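Let me begin by handing over the structure; questions about it come next.
Order of writing sets the chain letters: A, B and C. Residues in each chain are counted from 1.
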Amino acid sequence: MDARAQVARTGLSRRSVLAGAAAGVLVPSAAIAASAAPAAAAAGQTRQITIYAEALPGNLYGYGLEPGKATIPGPLLEIYEGDTLEIELVNNTDQRLSIHPHGVNYDTASDGAPLNASFNNPRETRIYVWRTRTQTQASNGFTMPGSAGYWHYHDHAMGTDHGSGGLAKGLYGGLIVRKRGDLLPMRQYTVVFNEMMINHKVAPDTPIFEALQGERVEFICIGHGNLPHTFHLHAHRWADTRTGMFSEGDFHAQVIDNKNLDPGSSFGFQVIAGDGVGPGAWMYHCHVQTHSDGGMVGLFLVRNPDGSLPAGAQDAIDRFKHHDHTAQPEMSGHAEHAGHL
Amino acid sequence: MDARAQVARTGLSRRSVLAGAAAGVLVPSAAIAASAAPAAAAAGQTRQITIYAEALPGNLYGYGLEPGKATIPGPLLEIYEGDTLEIELVNNTDQRLSIHPHGVNYDTASDGAPLNASFNNPRETRIYVWRTRTQTQASNGFTMPGSAGYWHYHDHAMGTDHGSGGLAKGLYGGLIVRKRGDLLPMRQYTVVFNEMMINHKVAPDTPIFEALQGERVEFICIGHGNLPHTFHLHAHRWADTRTGMFSEGDFHAQVIDNKNLDPGSSFGFQVIAGDGVGPGAWMYHCHVQTHSDGGMVGLFLVRNPDGSLPAGAQDAIDRFKHHDHTAQPEMSGHAEHAGHL
Amino acid sequence: MDARAQVARTGLSRRSVLAGAAAGVLVPSAAIAASAAPAAAAAGQTRQITIYAEALPGNLYGYGLEPGKATIPGPLLEIYEGDTLEIELVNNTDQRLSIHPHGVNYDTASDGAPLNASFNNPRETRIYVWRTRTQTQASNGFTMPGSAGYWHYHDHAMGTDHGSGGLAKGLYGGLIVRKRGDLLPMRQYTVVFNEMMINHKVAPDTPIFEALQGERVEFICIGHGNLPHTFHLHAHRWADTRTGMFSEGDFHAQVIDNKNLDPGSSFGFQVIAGDGVGPGAWMYHCHVQTHSDGGMVGLFLVRNPDGSLPAGAQDAIDRFKHHDHTAQPEMSGHAEHAGHL
């Protein structure tokens, strides 16, 4: 059974299937999303996309690639070093807002900040241009870094001059700039820690990210808001590098499974789903105890290679779905918690 | 005078002395503890140990390698990449609890999380299996990281489904996975920043970690709880790498003496005690000012090579022991603090 | 037009201009400051300087290289690995205080901590000696790090035994230890995040750091106080390494534009001002939203190569200068914020 057949049967989508259809650019990063690969072609492509900022139910806002399709977080954008992204931002709201990227090059007109009068008035459309570059030599063997990294974008104009209103209401998303030759994942998931929420949800409504055992899965982790957080993933780890991997010679590279995800920061990494640990329902959560207890927890659901659920996974999902995260965590003097789940 | 004679005379224990006796596995990391080296033997050893979770005075709990010997933090566990650790966890308490590791491989049954029904009921014994692996090649020269790192373990089931009750009461410890060829230290100290405490103590009851001038000392630093912290060590520094060291070619490696130690994070490093700075009573502390003022401070006491105290050290210890950390730090308008110590 | 002529015309000073005059050591890091380069001469120089701790208006304190010239932050100190700095600290205040460095070597008498009776009583002068070292070989190819890094110094004795009073009132500054061969910048700026302030100021009184398009500019970032912060610079990025750069072989080095700047931590990096993004008024700010909204924001003003202001920059400066950061950030239900600036 080839990859496409698997996808058809399990209801999971694979990155390789979408790559052609999505014009090689970007894909909403909803739960169980898979993203389109940038075409690994010649350097310096210019891609033109339109992003729609729209109101969502619950006094929220989102970015989307089509009208009426806004999501929180917004679409995962992905390009190669050297590429340029021209974004036509259509503001379908009655709010001042913008789109401000991390990691890439832009002139002041594309800053997305009111400081530089770079924002969309209500109902206004505006072009933002993001350029990227490869690394450059300085001298004496010193190299100035290029744009490659796991970055993000967000509003910088709603509510306050720093976009605090937009961030509080959902205007943020992931942005990947790759080096040529980087390994491409089969699935991609964006995880945003923002106040006491993950992707603007509290458990049990937080995302269940799915993969098949053995798939290469990419996580893009972004911090926002006002609180310090740490991202922890059970049973998987990564190198604390740009890629989450390293080269044979990087003997001293630090390997981690818990990392600060504080406001404005982002990182990414790839894991082989269930590698060495097997399929199952693996938690990811903020490791600040009151945050995880309060619902900053979701599942990385690793299915069997054929897409079926491994033994025990459904029970774990049921526990996750039925657990009350709003209860005040408090320690009992005896064992009554043992049967709590 | 050789190492053993020094140890006998000074009352300090050395790693090399214990290595044989402790079966090459693990040692409690009390103040002034030294740990056993893993035997640097063939890959893929399986070690079987029993850990006892027990109640301690003051409504606390601890892990220990023998009944009645529980400590906070628990014993420092140490293995090589490729090894497997089979832990028989004996729950001698009337609480639901577990043991959840960072950095290593485990299947859902050993997750230690109620989500996966992986915990000990009161008075129950349960086996947890932790496997480790060496790094693996992906493709294009990319290397997926192995298990080596300065990790930790902790309860994930007491009080809440994230073990917040267990963490608040002492159920945590250090875990080292080494690569073959890593340098072994002569002493090892585990430092846990958890709420406003170090190893569940507030100064002046926090640990005084001792070493002889010139000894290779390893610190294993772990963060827990709900507060952000930064670990600072006076007069010593380390590279921000897996080992705290680097290779000749790592020209751009960052060197630090202050590092975030936020909930769920851990790191480790080795220093040569007193190297270039001499023996003395050196502070380690959280660098958040209200935290250090409140008692998140301890001593790294570097003795002379013969074990005697250097000039001034006893005075420093006396100041440390008699200082009142509960007083509200407040600045005086004049010089009355000058004689405060 | 050569560099000196440019400087004369624009009112900007350049590092290269000051290098001779300042005896190759140190320079106050006020806004629009440029620092003196250490003479890249033989290893092991000993430099003797005098630092004056003095009261400043507003119940503040500062360090300065001359009487009556104290600044917040204090002078940026800069040496090479192997050098020694002998600091005569003249305490011109009626407070107990000291100077405690990060990253360098010192014996207990120069610890700057009351624990080691290392402080200046009111009106007292005391010598502190800071030594540095190059990296050393351990064994098996492991290298123990030298002193090179972006460090800092601060009071450790005023108000509390951890200098919380001195830190709250301005007694801190930057310290750079370079490796031989490191690239030297043309401008240097010290940025201290301390409570809700940048260099003890709140916007719009925070520093406007200036540079000419294309200049190599060095930022030295330091965190102090009690709050977690993240430093973000618009339109520029750096590698998360000791230098902010890397070598051709460091393929996996992480590139960032937002980094934790928590109490006691420091890092530094160099950027080419406006490289690939053009001149303009670029914000740097804490990315914790309430912090930036509250005034933890300043400008990196990149001028045209001839020193003139680029189009739009004066408007941005005016917006920055006239914006009210004390107003409670709150989101409007309609578009009235659009014309707020």
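The rule is simple: contacts are C-beta pairs under 8 Å (C-beta built on N, C-alpha and C of every residue); 3 or more make two chains touch, one makes a residue touch a chain.
Note that the structure is a prediction, hence the values are computed from the model and not measured.
In a homomeric contact, the two copies may use the same or different surfaces; for subunit A and subunit B, under half of the interface residue numbers are shared, pointing to different surfaces. When subunit B is laid over subunit C using CA atoms, the rotation angle comes to 120 degrees (nearest 5). Rounded to whole angstrom, the centroid-to-centroid distance between subunit A and subunit B, based on C-alpha atoms, equals 33 Å.
Touching of two or more other chains is recorded for residues 228, 239, 243, 245-247, 249-250, 253, 260 of subunit B. Here subunit A touches subunit C in the complex through residues 94-96, 102-103, 105-109, 111, 113-117, 119, 121-122, 131, 133, 138-149, 151, 157-165, 167-169, 179, 223-226, 228, 239-243, 245-247, 249-250, 253, 260, 262-267, going by the rule given at the top. Residues of subunit B that touch subunit C in their complex: 181, 183, 228, 230, 232, 234-235, 237-239, 243-260, 272, 275-278, 280-283, 285, 287-293, 297, 310, 312-313, 315-316, 319-320, 323, 329-332, 334-335, 337-338, 340-341.
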